[in-house]
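Just passing along the structure, written as structure tokens.
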């Protein structure tokens, strides 16, 4: 993208403003990548004097700790607070408090439902539906499917599951023969699938939520079962596995569907745009990251071992996304990163 | 003479001075970084989320007083939160009955632990799964709404003292009065020290343990309600972290795992301190990688000071 | 005194109790008249504590009846009912809560201490009771019991048993209360019981110090193997007669017979006199000697033993500078406070016996289990520990027998220096005599003993006695010059006395 | 029977595991019964490895517990895979680094507990935060696949059972013997029952307890390294599952929470039980909420039946 133009959309300069990130959990690879992407965008913005300062505060997966940290950020007078929430509901009180103090609040990834907050949202129900449709098409509308879910009781898990159920409802011959909670963690997914597999009939496909594809594969392999169609996430190990399977004789086809951790950079720029006075819809829908067979090699090149693939979204790209959201047009395509972040 | 005796008795209280000092030091550091905190509004905002932690710590303290430990209090708060954000709002009578039932369940858990001489640490760990499961059954996805009166209480701005401090003061005083000053409180603490001696005093150990667990359940319900008032909604996974936080709060406040040595006022201070260890991060410039380390380090500092003081006295 | 006692206040009939295969009581009858003291004696494991726990309502009998004040109370007899009728018990393993204060412990006993101002009343109650029983006790009712030494804890518990709120005390059971008290405190307690009896309070008094029983009890009941062996007035009984009735005669008393008198053995322990404290006597223990420590409880004897243990390289901080203890060779320690300092409650007798010497026994860190068991069996035999085999759990032994296991542990280590911290607390007469033999035999074989005892009668087995007061040694008494009177005088010596008698 | 079982506290967890397994197998008509047992044992192995360390710590007496397990597991796994760089040539360096983490963690815990007299439960919790945070920092710079030889080892099978499982069955047997007949083991059991008495009996209390924390650190590190090899690499949240379950397997297995008595065999029954419960609930299509409730109730029921003595 070209040189940043801080005042392009709204006209107000944000050069004196500070934008803080309140992150609920830093303990997995996805969140680590998300933080890296935040630092990428915010670092760029401070370096080019688009904003004055930034700060990141993590809470230890505790909604109340995060809430009190958000309250502290409110006291410290940040102009905007961007939030990856521990709970969709538990932060609503402090978010309302921050809004009342004329602070711009943007929530992303794991959303909070507070009405005053801007939302940078993935549509997780549609993610489930897309998976179901792809699987149904590949299986010819008939077969046994295993579902690997996330952490019970969370809204993301609930939405994806709902989409999957909704998607498969159109295909009566497809049977969900089993379901486990893999907690978005390879080792747990592997253990849970391995435990259930011996009692299952042949499984043709596995729908997942991301971060669990490799573990699922390992469980099938250990059980000596043929590798089913596994929907992949965007972890490097999943993509590498996919490529290995694809290049083996006989080939292997699937697709990868996930939420890109770079969404933090979108949220950052959305906050900046709001501060700059640009017109921003209350909900900015972000397209899911889809990786198809033909793009696999390019994506793999751009993700470090053990990392999570994601673009770093630019200010310009975000402006286009906002415009598309306002006009109801299709969002811009996710850029494929060209180098390792 | 009487004043002197009282002062001596206060000093005897297991290390109340140190947590108080730690709390003031941390608060001072925060105010130095952000002077706006030093106001009624600032303190209300800074300390607001201590309220559930205070009750969680008091619940944990009641169990530790019996010589046990509760690994289920966090999910229990979640369960109360889910019930309060659904039933208590829609059908207040059913909601209240459910909450009363939860207190009874806690007492029953105490009875089971006593009657079968079970290791409480694992019974409560098992119970933590039960609480979490029930919470998910009550409220499968986060949502619901707190009863209006509850949200109003949580948002209340009392004169003079910010609400979190007032709640800490009242809850701490009530627990002090019941457990440390009250006549039956002595019996309750006795079972953590030497249950056989209490039994030989003619007291029912079953009743005593049930009372402590019921008290823990009651504090847990209050904590869950406080949480609901602050969050204004329900979430089945929201309370999980309170288990370890409450244990740390009791210990930081001068309690000990064995022998029924507890301090309600200390537990309340401990809850504030645990809240501030998380808060301090947002005032200090700690790189995200090392924020967990910073929390651990603060905890170690607070506890090491206690040990050094003890060594100094010995 | 009334030769024709009135109707008994408490009457047990046909009381039987078994613990699994062990029959602790096999049908015991006992009557306790009001205003009288019943002395209860018997060998270790005879069933005394069990019987008293039943009388106090702490243990339910398998069979038998309990009558109190003429009424049958067998049904529903428990501690609460017993308290309601004025029956109190001082259990040997103390029944205090260490995390509570003295006054709060009074509350545990008295339901009436509640409501407004109960703390003030509890403090006053305990202060008064302690003052009455143990003048000059120096115990603050607001002190945490856990921070008190064992002797003061015993005082607190005893005073608590005699304290009264809404129900009058009618019967107090004292299960070896004097075993952890020094001579002065024991005398205070016994004198108090005389006054209590004058007020109509009945007492049951258990002790292995038969002179205490003979000197104070009105009537003496001897238990043997869970049955009453005899019951007769104390007047006219002699120690010898009692011992015979206990059926535990294992050798005659032979005070100070064959001990080493030459002080030629290798030096095992030494501590120079600390002039800055006005101390005139250094402590010196040589191989082959049995050296006694005396004085009132809590005057530094116990700390000295611990310092010696640390100086022998067993952890803790060995002191340096003036008055540092030097130990040459290995040391073993035996404490009379078996609950806290002695037993490993989950283990058998065997493992409890051998734990002190596992390092010596092991080859390359591995224990030869068979040799270990043989060793334990030998020591069980040697000290006649009453148990079917070495696999018996230590907790199922009577208190005295548990204590014997601890002594066996120390002997088994074959340490050069054995530190005795009142180790024969609660051991019966017959066994004690046996143990005295063992001590002498071991000393003759070159071991050294440093022996703190609260029982002055035991000092006759020592070659030399050091008396402690306020942490300093106030006298050094060779056996030839040993008199009770001199020990007591030194026990109460003040620094002023020390300088006056200087030289 | 009851008396026989009383002296063998491990039987209950095995009985319960067997029962759950039988129920599960019956509900699917016996399909894959042996395979699901083998799977349960394979994953139970990791819980047993951390459980062995936790058991030794708990045995050291009231209040002793190690909550730094997840942090140590994660850090050790990252360093071990990071230094091995996915090659067998680097395996030795990786293993050494991983185990060094365990050693250092044990020593650090010890410093907090014995040096600063911080209660273990909070001290190790805080230490765990620090290790976890080091793992986070390290994960920024390096991430590699586990060495193929190690992957081969954790995936190898013998007689239909995972090789790691068989190896650690052997290790648990060794630990049991160590407790029974070494100076260290005997001292540990004594210290756990009565620390004062142990000191007065001349045992090396400080050194023994110190060794226990170091061993626990090593166990956590080893479990982390093997788990990383088993699941294709280290992950930041790989250890969180083992924080509380390490306590559960120790106590359900019959070890006394108050210390002084350890039952290594029981770890296997308890760890398999916890895995088999999950499998059973998955097989029976039990929903998430009910699944947690049933899991909790089974844990409590097993305890109540096994450990309870009549009042």
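Letters A, B, C and D name the chains as they come in the text, with residue numbers starting at 1 for each one.
Here, a residue touches a chain if its C-beta (ideal position, glycine included) is under 8 Å from a C-beta of that chain, and two chains touch if they have at least 3 such contacts.
Since the model is a prediction, treat every value here as computed from it, not as a measurement.
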Pair joined by the larger number of C-beta contacts - A-D, B-D: B-D
Centre-of-Cα separation between chain D and chain A, whole angstrom: 33
Gap in Å, rounded to a whole number, between the CA centres of chain D and chain B: 29
Centre-to-centre distance between chain B and chain A (centres being mean Cα positions), rounded to whole Å: 35
Rounded Å distance between chain B and chain C, as computed from the means of their C-alpha atoms: 43
Numbers and ranges of chain C residues touching at least 2 other chains: none
For chain A, residues contacting two or more additional chains: 26, 152-153
Contacts with 2+ other chains: residues of chain D: 132, 136, 140, 256, 288-289, 291-292
All chain pairs that touch each other: A-B, A-D, B-C, B-D, C-D
Touch list for chain D against partner chain A, complex: 24, 28, 31-33, 35-36, 39-40, 42-43, 132, 136, 139-140, 143-145, 155, 227, 230-238, 240-241, 275-276, 278-279, 282-283, 285, 288-289, 291-292
Chain A - residues contacting chain B, complex: 23, 26, 35, 55-65, 67-69, 71-77, 86-93, 97, 113, 151-155, 158
Chain A-touching residues of chain B, taken from the complex the two chains share: 34, 36-37, 42, 45-46, 48-50, 52-53, 85, 132, 135-136, 140-144, 154, 227, 230-238, 240-242, 245, 275, 278-279, 281-283, 285, 288, 291-292, 295
Partner chain D, residues of chain C touching it in the complex: 309, 314-316, 331-333, 335, 340-347, 351, 355-356, 358-359, 362, 365-367, 369, 409, 413
Chain D partner contacts - residues on chain A that touch it in the complex: 26-29, 32, 36, 152-153, 178-181, 185-188, 190-192, 194-200, 214-215, 218, 222-223, 237, 304-307
